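The structure under discussion appears below in the form of structure tokens.
Just so it is clear, A, B, C and D label the chains in written order, and each chain counts residues from 1 on its own.
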Amino acid sequence: MVKIVDKEQIKQLFAEGQRLMIGGFIECGAPHRLIDLLLESGVGNLTLIGNDTGFDDQKSGQLVVEKRLSRVIVSHIGTNKETGRQMNRGDLEVELIPQGTLVEQIRAGGAGLGGVLTPTGIGTPVAEESRTIEVDGREYLLAKPLRADLALVKAWKADRDGNLLFRYAARNFNPVMAMAGDKVVVEAEEIVPAGEIDPNQVMTPGIFVDYILQNGGEGASV
Amino acid sequence: MSEMRERITRRIARELEDGDVVNLGIGMPTMGADFIPDDIRVIFQSENGFVGMGPRPPKGEEDPDLVNAGSEPVTIKTGGAFFDSTTSFAIIRGGHLDATVLGALQVDEQGNLANWKIPGKLVPGMGGAMDLTVGARQVIVATSHTTKKDQPKILPECTLPLTAKGEVDLIVTELAVFRVTGQGLLLEEIAEDTTVKEVREKTAAGFSIAPELTTFA
Amino acid sequence: MVKIVDKEQIKQLFAEGQRLMIGGFIECGAPHRLIDLLLESGVGNLTLIGNDTGFDDQKSGQLVVEKRLSRVIVSHIGTNKETGRQMNRGDLEVELIPQGTLVEQIRAGGAGLGGVLTPTGIGTPVAEESRTIEVDGREYLLAKPLRADLALVKAWKADRDGNLLFRYAARNFNPVMAMAGDKVVVEAEEIVPAGEIDPNQVMTPGIFVDYILQNGGEGASV
Amino acid sequence: MSEMRERITRRIARELEDGDVVNLGIGMPTMGADFIPDDIRVIFQSENGFVGMGPRPPKGEEDPDLVNAGSEPVTIKTGGAFFDSTTSFAIIRGGHLDATVLGALQVDEQGNLANWKIPGKLVPGMGGAMDLTVGARQVIVATSHTTKKDQPKILPECTLPLTAKGEVDLIVTELAVFRVTGQGLLLEEIAEDTTVKEVREKTAAGFSIAPELTTFA
């Protein structure tokens, strides 16, 4: 059942050493308000599963800049120079995964699959870290499921039942992560009354969502 | 709905909790929802592609695009959502269902379920039943206690092809409620109009009896 | 590039012995007009990949009743008694697959995966026909990709660029099949002008679609 | 855009056909689309989640939710569609792209591509490049013929970690167009201001010369 909660309640969801999925694609569609609360909460030693580590001068990137992460599982770190520096110093473990494999791993985690077989990465260093499985004479790499303690998701609109809409390219990893977190926390640009989102057009069904950050001031009724 | 089915359905409704997401297998009438107390909200999933399934619409208001997995006309409640079959089974297999209720040809002491095939006789296919049984957090079997020929359906070991292995959590019949435990079946409740003796006669599987055995109506 | 074509052009796409995916869930959301054209075309010895074989007294079921199929790959045949009869006589090969596995096989075919690993069917007769793969101490069945020569899809609305919307429970297998056919043929309740479907709400992007059956009479401009 | 990049982009645009669905890798400017002739329609895919990508919007009309995979503001054309990352990579890996255009650190005679890592030096990550290279029907490499230090980038065998093995179909530089064949590289075109001799000097890989060698500008 979806709960609409305030900032303090969100902060209590965070804990040292958690494994987090955070939506977004180089800041576009990233849950910047939730990341702010995560930074404020002071927790660290986190594992981040996401497409990238953001820009070092923008919000998502601050998780690296403020040294909250001990491990990242991402497809790309080129937009955040601090990630590379911490990696080279040995302060941050970086696992690079092809983007299409990463998204299938998250989907497998959410969909109850034991993994998927992908041709991507065969003949490359990625193959050295994966199990190779041959099917009908062709080789594939096993991409194992990924799940997280919390998935932080940015929506455009959320209704009171947790049904979500995303906007344009801000959709990206958000819907699939909403399936793969033990708890799913949503930040929405707008919280609309139940029934306002056409059930035929819902992008993420509310049954995947646990918490929605209320909009407005601390005591505002949303 | 027969009196027997109504009783089973009513008893199963008591298993469901506020906020639960539940798939009622085909054969389990959507009317099951009518037995849910008013003060709790249970969200029904239909494996052909939606959550928030509501009751059959009034006559004349049926929509051919809005049917349950058994092709019966239904409605969508406020807060419901439609999706395609990949998402539907991601929900089912991915552990996003709190419970599923399925019928049985046979069910056994190890929590094995057989409900999709009688070799050489009846082969309807498993449809979504195998995924539901593997994926739902709680698997509730709703079944008549015996076959039409009065043969036991609750067995030491299923003889028909399995739907899933060791996944059943609770068995509800018109006579009894059994919980499947690591030590076999535990009789938790009997119907108010039966006896443990009758249940034992009609059950081929062994079972132990809960210290606080209660009755249901 | 999407082509809007007439009935005769659709019929020319069909050929003896083809492997077809046909959308729908026991007739709901099945492309009944395309099935009519398939029946009219006279081709047979077809392999059907779909959720089921429909009702024997409704449209999808006629493919069985009129003996056009030599093999079906489905999750359920209980609603069409003729399917069981032909199977028992040995006239029709029936491969029964759990519905969630079937839809993943079609998705894998469309998404370029070598297969997925599913826990569904372990310990059942389904496991005897599949390869078992152990991952981190748990057993899974390998579900291999499925593709088809043609996918027949029923949409609610289609625009001139092939973007599709589906309605309510009529969506079911249609979007995933639109990814897995070598050619994808669409029947829509309504064909709308380009731009009328909000790009943010498209359910199947037009790039998956090859042909749309024109609405109205043979010579009607749609 | 430098003159060199403009020339490469213009040449690649000629490879694209009416109706093609194409992903231009990061680094390949969206302006590439400007070189597509008016009489054909090419649909650009952006791996962060849409097809129908249009040019950069006028200043002041940028939308933070509408950027390409390189974070540059773009637009959506009529007929375009947005989707999530699972669908985006189903398109990419599933053979639904007619072509992709990618940059290279190194590319070799066997069609191997290296463009995501210089060990100990530069490790941006592969992003979507490995999926694009494996999945697109035609893989076109767009690259300067040599490094900034005038070292050859077209080699007998890549020495950097590979992005994909044997997937490259065409290599386009400011000097030459090579097709990757089962028998190695085939020089199909040279720039109008170079010679086969210069191409040979700047190419470490061996190659044969097409009988009907042509020039491009």
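Heads up, the rule we're going with is that contacts are C-beta pairs under 8 Å (C-beta built on N, C-alpha and C of every residue); 3 or more make two chains touch, one makes a residue touch a chain.
Just so it is clear, the model here is predicted, and its values are computed rather than measured.
Among the pairs C-D and A-D, the greater number of C-beta contacts is found at A-D.
Rounded to a whole number, the gap between the C-alpha centres of subunit A and subunit B is 35 angstrom. If each chain is reduced to the centroid of its CA atoms, subunit A and subunit D end up 29 Å from each other.
With each centre defined as the average position of its C-alpha atoms, the distance from subunit A to subunit C rounds to 33 Å.
Chain contacts: subunit A has residues 104, 107, 111-113, 118-119, 166-168, 200 touching two or more partner chains. Chain contacts: subunit D has residues 50, 76, 82-83, 86, 89, 92-93, 134-135 touching two or more partner chains. Pairs of chains meeting the touch criterion are A-B, A-C, A-D, B-C, C-D.
The touching residues of subunit C, counted against subunit B in their complex, run 25-29, 51-52, 55, 74-79, 84, 87, 94, 96, 98-101, 103-104, 107, 118-126, 156, 166-176, 203. Of all residues in subunit D, those touching subunit A in their complex are 46-50, 63-67, 69, 71, 76, 82-86, 88-89, 92-93, 112, 117, 123-131, 134-135, 161-166. Partner subunit A is touched in their complex by these residues of subunit B: 18-19, 21, 41, 43, 45, 50-52, 76, 78-83, 86-87, 89-96, 134-135. Touching subunit C in their complex are the following residues of subunit A: 104, 108, 111-119, 133, 135-136, 138, 140, 142, 144, 165-168, 200-201. Listing the residues of subunit A that touch subunit B in their complex gives 1, 107, 109-113, 159-161, 163, 179, 194-195, 199-200, 202, 205-208.
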